[in-house]
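Got a structure for you, written out below as structure tokens; questions coming shortly.
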Amino acid sequence: MSARDEVFADIRRSLRVTGAEAPRRAAVADRLACTPSGVIPARGKGGAATFKAEAERAAATFAEVAAAADIPAAIAGYLRERNLPATLRIGADPRLAALPWDQTQLDVSHGASDGHDLNAASVAFAGVAETGTLALVSGADNPTTLNFLSDNHLVVLFAEDVVGDLESVFARLRAVYGAGHAPRTLNFITGPSRSADIEQTLLFGAHGPRRLHIVFVGGHGG
Amino acid sequence: MLTESGAGVRVGLFVTCLVDLMRPSVGFAAVKLLEDAGCKVVVPEQTCCGQPAYNSGDRANTKAIARATMRAFAACDYVVAPSGSCAGMLAKHYPELFANEPDAEREAVAFAAKCHELVSFLVDTLGVTAVEATYEGVATYHDSCSGLRELGVCAQPRQLLATVKGLKLVDLEDSEVCCGFGGTFAVKYGELSDAIVAKKSANILATGADTLLAGDLGCLLNMAGKLSRDGARLRVRHVAEVLAGMTDDPPIGEGSAK
Amino acid sequence: MTVATTTPRFKENVHEALHDPRLQRAMAFAGNFVPRRAAAVARLPEFEALRDSARDIKTHTLAHLDLYLEAYEARVTEAGGCVHYARDAAQARAIFLDLCRRRAAKRVTKGKSMISEEIGLNDALEAHGIEAVETDLGEYIIQLRHEAPSHIIAPAIHVTRDDVEADFRKAHLHLPRDRDLSEPETLLAEAREILRQKFLSADIGVTGANFLIAETGTSIIVTNEGNGDLTQILPKVHVVLASLEKITPTLDDAAQLLRVLARSATGQDMSVYTTFSTGPRRPGDPDGPEEYHVILLDNGRSAMLAGEFSEMLRCIRCGACMNHCPVYQAVGGHAYGSVYPGPMGAVLTPSLAGVEEGGQLPNASTFCGRCEAVCPMRIPLPKMMRHWREREFERHLEPTAMRYGLGVWAFFAKRPALYRFATGVAMRALGLAGRRAGRFSWAPFAGGWTRYRDLAAPQGATFQARWRAKSGAKNGATR
């Protein structure tokens, strides 16, 4: 008997089942297929305004631009205001590729990060209003390493991608990746990296980015 | 249910072994409060709710004691105890004790339904809103754990204390944090219990009150013992004594020689 | 068994902890979690409903654990990952070492994992010449100190800033001696730099899992630092160490649990990073591990499913119980001598390590009930501690004197007339002895009490004796 067989046998013995019982199998299959939601807080109904308030509460910063074309200038301005170098790493996301980067002084590089990128920008899969949380998915469009190896992480969030709650993100995920599937990595990010492990003093940039800046592309035409 | 007061209601006083043995004046204060509210108070021959055995893992003896207790109080409409932990034992744990015995469980559930802690019984069941008592002093109140978390005793003592003439009530920081008594815990883990009651003691002294009140004699003996060992001289009493206006006897831990 | 290393010495550990001024100073910080949780809960009207929902999901899952495990395994395999089963700690270590051998691994980075503590992974790796690097800042600090974590969320809560500076200076010898490490910021920056190099050069990254999702074959980790993420996306191999009860049916079910987890642990609505990982990198992914392994550990969980302690399997390791426990607040986590301290440790340790090893812990409780009041999964912790006491009573494991004393008490408590007589005599005598002072600073058989506090003297005749005298005087009836 393999370890696997023994573990299953031990579980089934404790539960006093064989595993073949039809009602149990139906209950499990049903839950996995229907994915029922539970209690969803009303807070998320506040939309983009709630998203902004909650994100700022988690120490992210938030700036709004009217249209996608304004993104490069907004990012360049953010870095300049903080005396940060005008360099930026991005992925292959088509929503960023078509933007007028050459109208700024930014030195833009592409692809995953090897740990030497001070600034990086990604596009969010969604923004969750109830907690001011960004959802980012892995892939060539927005490499996961950009989320964690940069010092300053700028995330573009389009107004139409703001949802109320986590459950709505999962619904979108299923639509894109198919039922029962998920991307390699789905990151829910709420504010910059932090630790309070040294005498409970709150410090940012524990391992991940010191700063998280959200560039919100407004819902007035976009 | 009851009309305005306890008119004609037969209440069995579950005096609790600590009150019975250590401080009968609390029992008499409880009787006065219940009679003032119109109840007929009876005191069946009784011993203990069984908590010491229960919390030591001796289920067999606990059940024997529980059966005896339920028998003793069978003829009462209500069973009222001046203690959150004893009332909690009767009202919450007796049914659990007999969980696998349908007949006994039925009896325990019916019994539990008529068991109450004293002050919450006065306020929530009898609708008492004020007491006729006077007490000159500044008091602070500790919330005993079982009463608070098992039975929801919190606002009621404060409500009634507010009607005691001459009494000023001040808040106790962390009033809902355990005092470290825990029954046999205080003896088995004396050093640990001492560390916990030391924090409680510091909070009590920080209020500047001259009187400490609570609804459980176990907690009161523990806190009074610590305060006096450390040289503090507060008057420590059971809340029933103050509400009943019966404060002629010396406070807990104080003798006749003053 | 590495679960309960010094638990039988609990009383001695308590004594040391109470007399350790550094620890006592640090434990004052642990109290901060209490108001933070309260504030987060106050801000969310749906919190109590979420607790019910979370409890119901776990109860349902545990009742169908075998089937959800099968579904989980199928999805992980479909996504290109590999599931391994370990009945006990030794098997889990063996599986992991085998993975290291196959990849000729020399360096392993670790996200926080209580399971890795439970199986003693770090020691096993060191014994085989493999460097194990804790990357959670708190875990890194205690790794340098060769200590065990003292709290499941804040493992270095007992360590002061001065301690950290001293440890860093001792360990990071390649850095300039005269560097300024007086501020927590500088200490953090140093740790970040050192650990960044480890992240980038690791062969294998190990994380725990807060939840394992059957619907998609996903593992979830919850961190504030991002160390768990750097641990799992940079090396070629990602290994997840998780015990069986982490299985959760669907993504939506995970959402229910996540909503109560961070709030209960640190008072945050969401931790900074909540990461869902499914299998190795996909074609076209520019980063991510090439291999994804999950080691599922039993080590006593399947046995717990059957009995009085099955509700303990609902625990999501938030730490709220210990944050609110007067015993934990007094002595910290190390005194428990177990991988799992606090109220949840008092219930879990005897299950995993046996009641002879772990039996002190469920006894060291006042049953104040605060743990149960704050547990997001509504686990009846005091009730289960009492069950352990029942097991110990059945096996005569408690001290003889105590058992004898309680036996005497019960003898009288079952016999009201005898009780009335014996207590009447005793209390009258004690009452007389203590009348003047009102209290005793010592009394026979009461040493455990009077060592630390005075014992109030009884008032004399018992209540029942006086009541009987009164009613007897009135009308001669006794009832």
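Read from first to last, the chains carry the letters A, B and C; within each, the first residue is number 1.
Basically, a residue touches a chain if its C-beta (ideal position, glycine included) is under 8 Å from a C-beta of that chain, and two chains touch if they have at least 3 such contacts.
Every value quoted in this text rests on a predicted model; they were computed, and no experiment measured them.
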Checklist outcome for this item: Taking mean C-alpha coords per chain and comparing to the overall C-alpha mean, nearest is chain C
Checklist entry - Measuring centre to centre, with centres taken as mean CA positions, what chain is farthest from chain B? => result A
Next on the checklist: Suppose each chain is reduced to the average of its Cα coordinates; what separation in Å results between chain A and chain C?
Outcome noted: 30
Checklist entry - Per the centroid of Cα atoms for each chain, what is the distance between chain B and chain C, given in Å? => result 32
Checklist entry - With chain centres defined as C-alpha means, what is the inter-centre distance between chain A and chain B in Å? => result 53
Next on the checklist: Applying the document's contact rule, which stretches of chain B touch chain C when the two form their complex?
Outcome noted: 15, 17, 19-25, 27-28, 42-48, 50, 52-59, 61, 64-65, 68, 72, 96, 145-146, 149-150, 176-178, 180-197, 199, 221-222, 224-226, 228-229, 249-250, 252-257
Next on the checklist: Quick check on the complex: what are the chain C residues that touch chain A?
Outcome noted: 26, 29, 32, 44-46, 49-50, 53, 57, 60, 63-69, 71, 75, 78-79, 84-87, 91, 135-138, 141, 154-157, 160-161, 164, 184-185, 187-189, 192, 195-196, 199-200, 214-218, 224-227, 229-230, 233-234, 244, 249-253, 255-256, 258-259, 268-282, 284-288, 296, 298, 302-306
Checklist outcome for this item: The chain C residues in contact with chain B across the complex are 11, 14-15, 18, 326-327, 330-331, 363-370, 372-373, 383, 386, 388-394, 398, 402-403, 406-407, 409-410, 412-417, 419-420, 423, 426-427, 434-439, 441, 446, 448-449, 451-459, 461-464, 466-467, 478-479
Checklist entry - Once bound in the complex, which stretches of chain A touch chain C? => result 2-4, 6-8, 10-15, 17, 19, 24-25, 27-28, 31-32, 35-43, 54, 58, 91, 111-115, 130-131, 133, 138-140, 143-145, 147-149, 165-167, 170, 173, 180-201, 203, 205-209
